[in-house]
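Worksheet: one structure, shown below.
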Amino acid sequence: MEIRLRDLAEELGGRVIGDDEIRVVGVETLDRATPSHISFYTNPRYKKAFLATRAGAVIVAERHAKGEVPEGPSLLVVDEPYLAFAKVSTRFHQPPRYEPGIDPRAAIDEGAEVDPTATVFPFAYVGRGVKVGKRAVIHAHCAILDGAVIGDDCVLYPGVVVREGCIIGPRTIIQPGAIIGADGFGFAFEKNGPRGPRHFKVPQVGKVVVGADVEIGANTCIDRGTVGDTKVGDGAKIDDLVMLAHNVEVGPLSLLAGCAAIAGSTRLGPGVVVGGQVGMIGHLEIGAGAKIAAGSRVMTDLEPGSESGGYPAVNQQHWLREQAARQRLPELLKQVRELKKRIEELEQR
Amino acid sequence: MEIRLRDLAEELGGRVIGDDEIRVVGVETLDRATPSHISFYTNPRYKKAFLATRAGAVIVAERHAKGEVPEGPSLLVVDEPYLAFAKVSTRFHQPPRYEPGIDPRAAIDEGAEVDPTATVFPFAYVGRGVKVGKRAVIHAHCAILDGAVIGDDCVLYPGVVVREGCIIGPRTIIQPGAIIGADGFGFAFEKNGPRGPRHFKVPQVGKVVVGADVEIGANTCIDRGTVGDTKVGDGAKIDDLVMLAHNVEVGPLSLLAGCAAIAGSTRLGPGVVVGGQVGMIGHLEIGAGAKIAAGSRVMTDLEPGSESGGYPAVNQQHWLREQAARQRLPELLKQVRELKKRIEELEQR
Amino acid sequence: MEIRLRDLAEELGGRVIGDDEIRVVGVETLDRATPSHISFYTNPRYKKAFLATRAGAVIVAERHAKGEVPEGPSLLVVDEPYLAFAKVSTRFHQPPRYEPGIDPRAAIDEGAEVDPTATVFPFAYVGRGVKVGKRAVIHAHCAILDGAVIGDDCVLYPGVVVREGCIIGPRTIIQPGAIIGADGFGFAFEKNGPRGPRHFKVPQVGKVVVGADVEIGANTCIDRGTVGDTKVGDGAKIDDLVMLAHNVEVGPLSLLAGCAAIAGSTRLGPGVVVGGQVGMIGHLEIGAGAKIAAGSRVMTDLEPGSESGGYPAVNQQHWLREQAARQRLPELLKQVRELKKRIEELEQR
């Protein structure tokens, strides 16, 4: 497929600086692009690649369309370059289409209802009473246990497990190996049990309810509720190796980056942004739109719209000042020792 | 099923405040309960929900049975409310029963011994010389490689891998996607090898030995020993996405929360409590009953019964004081600057 | 198999202190070894076990061959004891040999090319256009999606997923449950979309290219590139539960310990050593041979050969001084308060 730059500009509501008649056949990174590719530039770390690119066109914001720009490529100037790039890339890369039908090597329980337009790959296991919606794609080695519901247009990549009774909303994509609905980590210590001390298993009888248009990353684990449900709101996006414990609630449109871990019953409002490897203890309330910097440990409720960082996480501005101060700590210790001496001298006078 | 509150009280050794003739049909959270449910209250964060609950009965400790209590529900007063709740919930939620037998779509090596009372789901793979005990449940897509042993009454959820020769004790539950017995991360750098520098793979010839009544969380990885075994003691409970490196030993009844990671050869005594995302370097000795706060990084041996936190982890009380102090650091810097000026003025006198 | 110590010494270029005619039948840890085993000693934490060992022989470096040594065992003195041990262990533990051939219960797409010398286990899924090289081993429940390439002599343990078009170099070992080529976490926020605000999915059209002689740990996730590829260089070794985001590049011979997480587009030079649970933000350049201590959070580029630690990571020496200083913080606060009082008294004079 070939698209004229001018047509892209019109679709995206942008303007072209340079030749708008050129045609592009695909997207590429700045350094790998050829004159038949369109690329994008947003992060100044890649300025050198921007100036040296051989791309036919580069998508940029207004502020990068002036001053130092490469001579070769046309510039497609838009308000949101990354969003525009995503849309152009989508023009060139439609998701694969799958033949509808159940592969005879899949195991479908008699009581399951799989829509005839769905695609089920070899070695998928679909349990009793499961419902699989229209055009859903169930890849090899997925296991959907009794009573679970997979919405229309979902894609479950290989090795996804959806345990008993969990509900996945329409258009949700689950990357390989993610586990939805494992038992939460619930034990009550029994000191004097009949067989000696033990951790008594608390039945995990809630489920996981995932909304529409969610994405769940590879090998991510979302545990079922102990009583009541664990919930992921519509349009939330969750990266790889994230852990959501029992009864966590993630608000709609929230973003959770890789390896984040949220302990039991903590609730995130809508549009919360959680950086990579962030940890949160249980039973917290995280306000709408709160942002938590990568690597932080959250141990208190957070206000809507707040920005936090650190271990334990505090206001982001404070955390930055604290970082700066900490690096001066060894020097500070020396200074205080010196001041002490000078005071002693003064006291001797 | 319906149970009279009075009978529950008797079973649990508790007393009832209010009507003990009411009957409950299930457990629920405080906010979702109806008059036919029993709920529990232990964490003051949920006081509002406690006071507003429509539950027929609420399990509480003595200290929450007086003062401000809701008017509607009967109170079931016990010593250990969460344990009592767990037991009540178990009354209502028996684990599912599985039909014994091997699904014809499973692949069982001729040399394997699967007890006739065990249940093996479609697409499970059971290798040469494997033993699967009485009433064990092997879900879809489990792979049990040559020579491994699965004890009586174990449940392996979908996608669990138990590699060659590893041993799983009776009544152990393994959540989906957990990997038992992958090769440990063992390499010896060879600077001048025949094919240039390389990391020479150290054969990982030990195994993993998991005790009885253990629970292992979703996508958790327990690596086999390099030489000698990696061990998890009886009754230990391990959450999701935990990593135990080669030759780690976890004492009986220890608890490891989600995303904890323990490096090679570190040994935990009995009853150690490890918070979420805790990291430990290798070759440490962690004493019996030591508690490590979520998110800490342990870099030294820890005393039995100690409580630690921070990065690097120190005595928990010290860590709390350090936290408080750190937050006052920017202010401290300012103060010291000011003191310095005042000293200079004094010196000028 | 039995090997004479003298022959081992010759192979390894070492010398024997004590009887070099003894024969050993296997490797063992110091505390489990019997007179027919050979063991090794490098870490002084195990000195007690060294002195008490019943091993027939112990591999040591020159510095541990003098002074306090056990009386029983012969000592095999070499330059690199751990490497020598690895080689001896390899003598006793050859990797298992697999019968070549495709199990009839595997699902191989008609268009796939599986070399006749490869081994494919039951329930493996091999998609359209996939190539599987000579002597490669594909365990049960592996899913290799359309167009992926598995090099000669690779071993993919159970449950490994290699998504569309990804390339795995020869002799690479992938532990169970690892996911190669899941979609990267790429979304562009669209505030005023036709269906309201949403995170627009950026097509993830790059692939993952893994080099030769790589090892990838259990449940590790390596995401495909957004545009352009995610790359792992020859001879790199990656532990369990590691996450490499889209377009990360790992240099040859780098080592990444368990639970490390590297955000998008960060590039590691050759021979970088990343400790367990280390986090790195995106778009960084990590110089050749840089070492990052376990648990650190890297937020800046790092120089070749540098050593870093902390949160945020700084020069390792500085981080150690900072740690020491931090532990004295509460005391420092007290000191400054006291100095202030003394200054006030001086000012009153």
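The letters A, B and C name the chains in turn, as written, and every chain counts its residues from 1.
Everything below uses one rule, namely that a residue touches a chain if its C-beta (ideal position, glycine included) is under 8 Å from a C-beta of that chain, and two chains touch if they have at least 3 such contacts.
Bear in mind the structure is a predicted one, so any value in this text is a computation, not a measurement.
Trainee: Is the contact between chain A and chain B built from the same residue numbers on each copy (over half shared) or from different ones (under half shared)?
Mentor: Copies use mostly different positions to touch.
Trainee: What angle of turn lays chain B on top of chain C when you fit their CA atoms, given in steps of 5 degrees?
Mentor: For the C-alpha superposition of chain B onto chain C, the angle is 120 degrees.
Trainee: As a quick test, compute the distance in whole Å between the mean CA positions of chain A and chain B.
Mentor: Going by mean C-alpha positions, chain A sits 25 Å from chain B.
Trainee: Give me the residue numbers in chain B that touch at least two other chains, ranges are fine.
Mentor: Touching at least two other chains: 123, 141, 159, 177, 219, 241, 259, 277, 311, 326, 329, 332, 336, 339, 343, 346.
Trainee: Once bound in the complex, which stretches of chain C touch chain A?
Mentor: 107, 123, 125, 141, 143, 145-146, 159, 161, 163-164, 177, 179, 182-183, 185-190, 197-203, 205, 219, 221, 223, 227-228, 241, 243, 245, 259, 261, 263, 277, 279, 281, 283, 297, 311-312, 314, 318, 321-322, 324-326, 328-329, 332, 335-336, 339, 342-343, 346
Trainee: Enumerate the contact residues on chain B facing chain A in the complex.
Mentor: Going by the criterion above, the answer is residues 27-29, 32, 43, 45, 80, 82-83, 85-87, 89-90, 92-93, 95-96, 103, 105, 121-123, 139-141, 157-159, 173, 175-177, 213, 215, 217-219, 235, 237, 239-241, 253, 255, 257-259, 276-277, 294-295, 311, 323, 326-327, 329-330, 332-333, 336, 339-340, 343, 346-347.
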